[in-house]
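Here the chain labels run A, B, C, D, E and F in written order, and each chain numbers its own residues starting at 1.
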Amino acid sequence: MPESRAEKGMATLRRLFGSSVGGTPLPPAFAQMTVEHLFGEVWQRPGLALEERSLVTCAVLVALGREAEQKIHFRGARNLGISREKLDELLLHIAHYAGWPVAVSALRVLDEVWRTMDGEAK
Amino acid sequence: MPESRAEKGMATLRRLFGSSVGGTPLPPAFAQMTVEHLFGEVWQRPGLALEERSLVTCAVLVALGREAEQKIHFRGARNLGISREKLDELLLHIAHYAGWPVAVSALRVLDEVWRTMDGEAK
Amino acid sequence: MPESRAEKGMATLRRLFGSSVGGTPLPPAFAQMTVEHLFGEVWQRPGLALEERSLVTCAVLVALGREAEQKIHFRGARNLGISREKLDELLLHIAHYAGWPVAVSALRVLDEVWRTMDGEAK
Amino acid sequence: MPESRAEKGMATLRRLFGSSVGGTPLPPAFAQMTVEHLFGEVWQRPGLALEERSLVTCAVLVALGREAEQKIHFRGARNLGISREKLDELLLHIAHYAGWPVAVSALRVLDEVWRTMDGEAK
Amino acid sequence: MPESRAEKGMATLRRLFGSSVGGTPLPPAFAQMTVEHLFGEVWQRPGLALEERSLVTCAVLVALGREAEQKIHFRGARNLGISREKLDELLLHIAHYAGWPVAVSALRVLDEVWRTMDGEAK
Amino acid sequence: MPESRAEKGMATLRRLFGSSVGGTPLPPAFAQMTVEHLFGEVWQRPGLALEERSLVTCAVLVALGREAEQKIHFRGARNLGISREKLDELLLHIAHYAGWPVAVSALRVLDEVWRTMDGEAK
């Protein structure tokens, strides 16, 4: 029996963000579009593996300096098994394509996410 | 006998861009830093595979709307064996994180690169 | 009998862009998402009138310097009856919030769109 | 008797921001240019209604991710009678033209502004 | 007898751009604001020397990737006596703060401006 | 006896940031590249004086809205003897090339840096 887009979306969100799904409470229409369209359809598509989507999303968020969203997707990356070393390397690489400042600011966010998740793991 | 940074850089550039290495002629100091530091050191580092660096570079260039550089790195991606389908999917994904317009503009560049390289392949 | 999202999307596209619907040919999945989700769902929602969506879209494209898409949406704005004077004023206003350069570049695009459409009108 | 640019600017500022006019104390020349040129001249011009200028300003600030200024102009929008529903819809629309992350971050700011102003209204 | 803002603005424009003053024809209100406010007031203020304003303007246009305006202000920089070597160095520096791609694209513009002006000098 | 790149980099960092060198702790490879390549090589190059590099770096950070890095480089500018008046003027100028919002936000950072350093000077 095929899952609905909403079910697929919630499954992707749980896979990426675990029990911390939630974050900013969105207005109903925006929340629905985020779950059904973005996580239930876009993130479910073939062509890019889930780990690739996560890495690429982190890359875009770093390059654009979107720090609040980095916090969420660095967590998602770690939950998918992407290593701290790989993310450090990602930031060093992006420093050369979007400038040192976005990379240094992202490192601060990454450090904070890692420390928080280390604390949760205990 | 260890290769110099310049040799490593030229090897990476040939691997990515083949005979079309060159593009904009840079002033000497900038050219040297690009070959030795960017392609001879950063792109050579462990932690991210060459294909991952290519995909992530394309992602950043799309998100930031850097169309001239997209032309070069989409070519690099194809030379590394990254499929058109994967790049199409990359753009669809990024449309949601950096907006439709950068993705649509990148598609135009991608189409042009693919057609040019199809022509070269004959 | 309710229209499908695809029908609604095509109607919005025709309303905005008339016979010039098309532009960049997108890969099938991206084209479908653009017609059904973006123009068939987002642009159809209540809360913002069509003219307001058009004006706001132009504003965002100007502020971000997305000139290829400005070409399309300035055309859309004119087709909805938004005057040249209003768009000139929009650019002057945005010059102060995103800088003179994006406004001046957008003026060049706006001029070109207007001249093209003046020609078509004959 | 014609008002001076400074008087017009202060009137626009009071209309938009009420008693909370002020915000960051600017150096004298910058403060004067902001009051006289930006609010006393640009915002006073015909061609765009005050509500349209407010909506368009909010759109630009969201697309560019300027959160500190969003705080001020979301307040201005509410003071002009623009509804929360309209601003929610604005963000959902812009998510598709500048990416989900700027829209989600703007929603956080919007929520905070609304809660603060609800508190003040009591 | 004090000069008007319009006279000062035209003088600054001639100083920077010589006989090529003009570029995009702006709508009247925008043209007037550009001459009187931007070049007749802002560029005339003490605190930053004209050469510093030119260098800083080039830096901002490079970092933001505003290539059409770079064409104008690189010309202005050369007319003020800023050397090609200094501008090359500027781009190399900015490559590290805003990414390689904006610097490489700006180099292309800079090359073109220099070649054009070399031709005019004959 | 020639200094190493690392020694030159540390000297530049001390010159700019004094005892507050440090900031975000970077991963080892990133820290090394920052000291040796960015501050030991790029910032050491002829063609732009140290004060010009500082001013231009501040300009880029303001235009791009990189507030965390502004905090560091406004401090560096003051340590090099660049006056508050010059930096205020820089922001007013950039307001016209990158928009009012980045300038106003940078003023907040500049105020804070100045107050902190005034306190340290006692």
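Basically, contacts are C-beta pairs under 8 Å (C-beta built on N, C-alpha and C of every residue); 3 or more make two chains touch, one makes a residue touch a chain.
Predicted model only: the values in this text are computed from it and were never measured.
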Most widely separated chain from chain E, with each centre as the mean of CA atoms: A
Greatest separation from chain C - chain, by CA centre: F
Whole-Å gap between the CA centroids of chain B and chain D: 40
Inter-centroid spacing, chain C versus chain B (mean Cα positions, whole Å): 31
Per-residue overlap in chain E, given as positions that touch at least 2 other chains: 29, 38, 45, 60-61, 64-65, 88, 92, 95-101
Graph class of chain-chain contacts, one of line, ring, star, complete, other: complete
Of all residues in chain B, those that touch chain D in their complex: 95-101
List of chain C residues in touch with chain A within their complex: 29, 37, 45
Chain D-touching residues of chain A, taken from the complex the two chains share: 23-27, 29-30, 33-34, 38, 60-61, 64-66, 68-69
Complex contacts: residues of chain D adjacent to chain C: 38, 42-43, 45-48, 52-53, 55-57, 59-61, 63-64, 85-86, 88-90, 92-94, 96-98
Residue ranges of chain D in contact with chain A within the complex: 65, 88, 91-92, 95, 99-105, 107-108, 111
